[in-house]
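Both of the next two complexes hold chain A, though its partner changes from chain B to chain C.
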Partner chain A sequence: MVDAARQPRIDVRAFTEVEKVEGFVGNFKVTLREKAKHVLADRCNGCGDCAKVCPIEVPNHYELNLAPRKAAYVPMSQSVPLIYSIDLDACIHCYKCVEACGSLEAIDFSQEDKIVEEDIGAIVVATGFSHFDPSVMEEYGYGRFPNVITSMEMERLNNSAGPTMGNLIRPSDRRNPQRIAFINCVGSRDKRYIPSCSNFCCMYSIKNAVLLKQMNPSVDITIYYMDIRTPSKGYEEFYDRAREMGIHFIQGRPSLITEDEATHNLFVHSEDITLGRVIENEYDMVMLNQAAIPQPDQNHMSSVLNVAQSPGGWFMEYHPKLRPIDSPTDGIFFAGACQGPKDIPSSVAQGSAAASRASRILLSERWEIEPIVAVVWPERCTATTKGRACGLCVKACPYGAVVIEGDKAAEIITAKCHGCGGCVAECPEDAISQLHYTDAQLLSQIRALLADKPEEKILALRCHWCSYGGADLAGTSHFEYTANERGIKVMCSARMDSDFIYEAYRLGAGAVLFSGCHPQDCHYITGQIIGAKRAVRLKKIFERMEMTEGRFRVEWISAAEGDKYARVLNEMQDVLDKMSPEQLQEEIARLKPEMEKRLKRFPGVPGVPEAMLYSDNLVDAILKSKEIA
Partner chain B sequence: MIEQSHQPENEELRIGVYICHCGSNIAGVIDPKEVVAFAEGLPDVVHATDTLYACADSGQRLIKEDIEKHKLNRIVVSACSVRMHEPTFRGAVAEAGLNPFLMEMANIREQCTWAHGHDREGALQKSMDLTAAAIAKTRFMTPLDMIDVPVTHKALVIGGGVAGISASLDLAEQGIETILVEKEPTIGGVMSQLNKTFPTMDCSI
Partner chain C sequence: MSHSIMIRTFADEVKSIPGGEHLELCYSCGTCVSKCMIQQKVEPDYNPRRLLRLAIMDLKDEAFKSPTTWMCSECDLCYQACPQEIHISQVIAAVKKLAVEAGYTSPLTPVSVDEELCSGCGICVMVCPYEAPSLYEKEHNGDLDRLSEVDANKCMRCGTCVGACPLGAIAREGVSNTEITSQFGYVIPHNPLLVAFVCDWSLREDADVSLLESYPEDQVKIVHIPCTGRIDPQHALMALDSGINGVLVCGCKPGECHFKRGNHVAKCKISLLDAMLKQMQLNDKNIRLVQIGTQERGRIKYEVDDMLSTLKAPKEAIA
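Entry: the complex of A and B
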């Protein structure tokens, strides 16, 4: 902590929040809100005279409300930076602090939040974790029975810098407890709350038992556990030591804690799996090892940073094995428990790893990004053909990368374009294309996928970041789904041109899935919204055509929703299975002219006639080659 | 501004197709040789072969040598997810002097054999179609150059717990200006609230 404050190249901005992150790798623009402390950082010398005279006491949440603090305060005496704050919610404006501060004149009641913008090359996200509130588990009585405490409360009560200076006392009568029970997996590994393991509580449970036993060998400590998880180097040995010290371990998950109202002693009711019996033991104090959970503002941060979340709510890495530190966004990295619960050694290691991943970029003069940007054919833009640019592309772009100057055709500012393809699909004149995702490329892919028995196939249009990842996860998790799915990938649902979908049905596709990210996960700010609007429009059009419900489906599937991807595809297969082959063929034939009508202008798009010609050939070859192979 | 690039006129396409076994991950469900035989019948495919691990050194070397030997100018790799190995194969073709954007992957592992393990015939048909679609895409691919952007040499670390502090120190010690943003009045995170910590049992601050 102090090292960070001492290092001249680290600028610690405490009491500050990230409001907005814009830009791209090497070139982020970050907006910070420096919250008002009502104390001037450059004048406060940390003497604490203000706190001494402040007459107001409120619970200190840093001490888990086990101790008070003043309205003029620092959370702990070792705070870094050591700058006091005035808590205006508690303050009664007696101004005794101002007087005490005297000639330093560090207190400034008029200070307001300050918004600052910073240019940043790379970002490390290390926002950590929060703690499960065990009061929702009524069977354990937390909040009702004073001597049932949480593990975080134990860390403070047992701490020489804590409110009792390390003298562990029971809250009901301030006596030193002699018989203490620790309960592991409170909220964790529990299908009702947090199904996953919290990673470090087995170890801190043993740690606290060892510490208490070292301080007072006569205390009697029992740890109730489901499994003891000690997978890192030296951890099992630590557990062995605890057992040698006489700490008791009972395998069983307590079902109930009751209290003797007179003594406030506690009775833990549990199964003892080793003995195969139900047991009930009396204790002076019980500690609940609450589950680690994502930060309460994790969803909000996930949309500020434009990064996705894993099923449990933690930030989601690019690849769990090969790129565990990278976020899917180039230039943003994760470290520590924000990506999933982990102990201090792993958090430190990830911090170093993230620094190293980030410095590849930060120590480079320039960085390369993929050239999958939009480009305009100026001769097709209405500015050229009708004298006025329609501007739909400008509206579609989430980054302001399309500009129209005077009566000139639309132009793309390449450095600003992130390559969502929204303008490409929105342009009514097909005057814009996207490199590496051109109409000709996508069209010939679709035609290849639907070459053989198209009526049996489900064409799935997926965005790169989410739904393609969801499909990958379905496979990785071996969630089986219909092998009639034929997937195609674009960067964002914004690129999913209506023409592709009409073309698929014209070719006789059994069904089409239009699938992108959830709106809050979109990699292109509002790209999904553009895609979703188009999808809704298409849905209405197909309804009007009386297409069988379910042959066109719109779903938002994240990279963490492999199960959903598989389920949606299987449901679409069910829709096709329910139709008789004749019924399906009849419907395809009936709708073909409708699709052709809507595709009238498609052959005018540059590259499309060539792709059509090529595909005719390719389709023949595919059918022939399948016969031979 | 980037120019719209067109298909080079009258360029003779020479496509090389690689069907990966991925050990038994793919080959345990379908026979890659059947996909090879299928691909050989498609337009512009001048060379198709199966390979035990396309991503391994030997697999990459094979592709690089073939580019030279068969004068290949488009590469299709039917293997795993692009999220896994697209950078690998782009790198490999680039080393052989081919523009990396002239390589296309077909995902026949995550999105095929792993998802349709109990439908071998379905998986085989799908592998063929996905390979054909990748071949079709390469027909209209053009060489592209990466876009080069400047870099601001300044880092932002969000969260001043032990992970954020460790990242900040490592960045700063490499000479990088680092802003460490913490929403609470003090850095330290949960660790600063802890008593002694395992495994060493030293003080946490």
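Entry: the complex of A and C
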């Protein structure tokens, strides 16, 4: 940290919050709130005279409230930068610090928060993690029994710069404990609290146990665990070393801790799973290895940065295997535990990777993106026609690439667009189009495929990343399926416009398949969810029209499910085979006016020549937007 | 397309019964075993985790013969503690249901009903937490008599019905009326003498049990009962009548009763008894109910000492 602060090209901004992030890769505008320290940074030399004279003591958050600090303070003596600050919530305004500071005149009570705006090329998020509060687990008595502490508190007690100068003592009587138990998985792997594994606690508890045993070999240490997870290089060997040192390991999750009121000794009740027997052991001190949880303000950060969160609340990476460091927004990267619980080596590795990903952006003049971005035709946007933009496109975009400012037409930040086409399909005015996947292009494909005997055809809409791959696999694996299938590829199920399906039925298609990725596999974060919502809506509409069940089908097929693709199409063929040709013709004729009615509501559905014109407009538009960028 | 579950194995059978669905979520952490007191107190072979394991591994006969199948009293302490939120007692109930269907019977001796005394009032049916007793009609001397009978596979032997039967028609070995009253015969009141009705499950730790047993016999007389639901207000009154100074009823904390709701029944009985003593202008402080939680190690000593000192106080004043 000191090295980083000394490096001339690194600017450390302590006590500063990110308020707003605007812009896109290479051109972020970040608004920062530099909080008032009430000490002038350029004058304070870190001598600490103000803290010496300060009469107020409050718990020190850095020491997990195990030690006090003054109202004029630095959280720890190694703080970087070493500039004191005055905690006005605790200060009694005696101004003794002002006197002590003397001719330096570094203390300024009139200082206020400062808002600064910075131009930033790339952002690395490394906000870390927080800890589960075990006091909600009544069975372990944390907060009620003085000698039940968390392992983080133990770290402070065992630290030579900590409140006890590295002397591990029992909070109840300040004796050194002789019998110590560690309990793993407190709150983690527990459906009632944090269902996931916290990744590093096994190694962390073994590390602490070995440390304590090395300092005092006579200490009796037991680790209660459910499973010991030592997946990385050298970890299993370390676990072996701990066993050789005489640290006891008991497989069994303790269900209860009780306390002797006189001695404050603790009794841990658990099953020894290998023996199949309930055991009760007495300890002087019990340490809980709590679960790692996201920072309390992680939700706020995720909305500031416009990055999504995984189900556990951690920041979500672009792709768990292929792009584990990138956020879905280009130019924002994750390092360390803000993206999921991680141990130190993985955090360091991810930090280095994030730095090199970021420098890729900083070192390049131009940033190339796929040419399949969305473009707006502003004359058609409701902002122009009705005076106010409807905003459906903004809701549909998983990347925050669509912006509506005031009563202006929607705008796409081209650099942020990944080309899923969700906004395009959602736009009720057909005012947005996607290059290379324009409505005109897709409609002419549909018309061509359904030109001859449409009632025999099954039109399959497939997403590029999954169901198209599934169809491919069905072909390369030689799975037999109906020859009446006619496929169209779009980038994501979010692009599958209702118009396409209405148009297919208007032309007399026998059946339509709406297929995409499984929800968790979507390449465009939430694209599948947008597509699925639309598919469910369509299904209901067709049900109300009394269309034969099975003529419209929604299936989520991954790239590995070639067999499923073949099966689904065969089942759809069966539906058509069961209907007599007259019956099918009658139904198509009956539904045709319905479809026409729905298609009339849209200004779109241009003919092919018109579409060519439309595409020219789009190319103009994209060229223009590039110039601006 | 049909999505019905294929029943191929014993585990599938258990999972198809409502409550047994989450069987295979168990990752064998052992929390249930140490939370439950049956293994420590009664049966060393009792182990819910192992029963779940037997079911998962399709060891049907072993599961049916396991004491765990028959001895679980559905207190659900393990359900509250299970990190996988498996309703373990429901899984065990599912195994038990299959065992009963397969013709196995419970190894526990159920309470017995004396047909001569039973009037068929149905109080036992209302009070039983397990729906074990039911009424049936039997011909007796040309008349149809309504009688109670107990389902041996459902009875968990808590004795709540024994304490509730107004005619003393139900008996459970070890805690029948005579067996309890014979433990405190008439005594000369020379000493503050306390009789403590102690529920077998309320003192979790052996240390607490030996603490209680460390009091001399002429100060504290301990009567073990399977559940505070078993206590009979008459026993308390008989104790006071026979020269004993105070009655302490020691049970489990609300929500932790080993037999679902026996401690609630006890609380109702004791508050009624208090009201009665007040009406009779007797000291209602001499009968007390304490409910001890699993984490309240050592509390029993404070309670007994406190009771003994209140019993002593007026004596000294007289002297």
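What we mean here is this: the second predicted complex is superposed on the first by the 369 of 629 C-alpha atoms of A that agree within 3 Å, B and C clash if a C-alpha of one lies under 4 Å from a C-alpha of the other, contacts with A are read in each partner's own complex, and residues count from 1 in each chain.
Just so we're on the same page, a residue touches a chain if its C-beta (ideal position, glycine included) is under 8 Å from a C-beta of that chain, and two chains touch if they have at least 3 such contacts.
As the structure is a prediction and not an experimental result, all values here were calculated from the model.
Of the two partner chains placed by superposition, A:Gly46 touches none, neither chain B nor chain C.
Legend: residue contacts after superposition of the two complexes on their common chain; A:Pro68 is shown touching neither chain B nor chain C. With both structures placed on the common chain, the touch criterion links A:Gly246 to neither chain B nor chain C. Ranked by how many residues of chain A each touches, chain B and chain C are led by B. In the superposition on chain A, no contact is made by A:Pro59 with either chain B or chain C. When both complexes are overlaid on chain A, the residue A:Gly400 reaches neither chain B nor chain C. In the superposition on chain A, A:Asn208 makes contact with chain B only, not with chain C.
Within chain A, no residue touches chain B in one complex and chain C in the other.
Chain C makes touch with chain A in their complex at residues 27-35, 39-40, 44, 47, 49-50, 81, 83-85, 204-205, 294-295, 297-298.
By the touch criterion stated above, chain A contacts chain C in their complex at residues 138-139, 141, 185, 189-192, 226-227, 251-262, 267, 269-273, 276-280. Against chain A, the residues of chain B that register as touching in their complex are 1-5, 7, 34-35, 37-43, 81-84, 101, 107, 109-112, 114-119, 122-123, 125-126, 128-130, 132-137, 139-142, 144-199, 201, 205.
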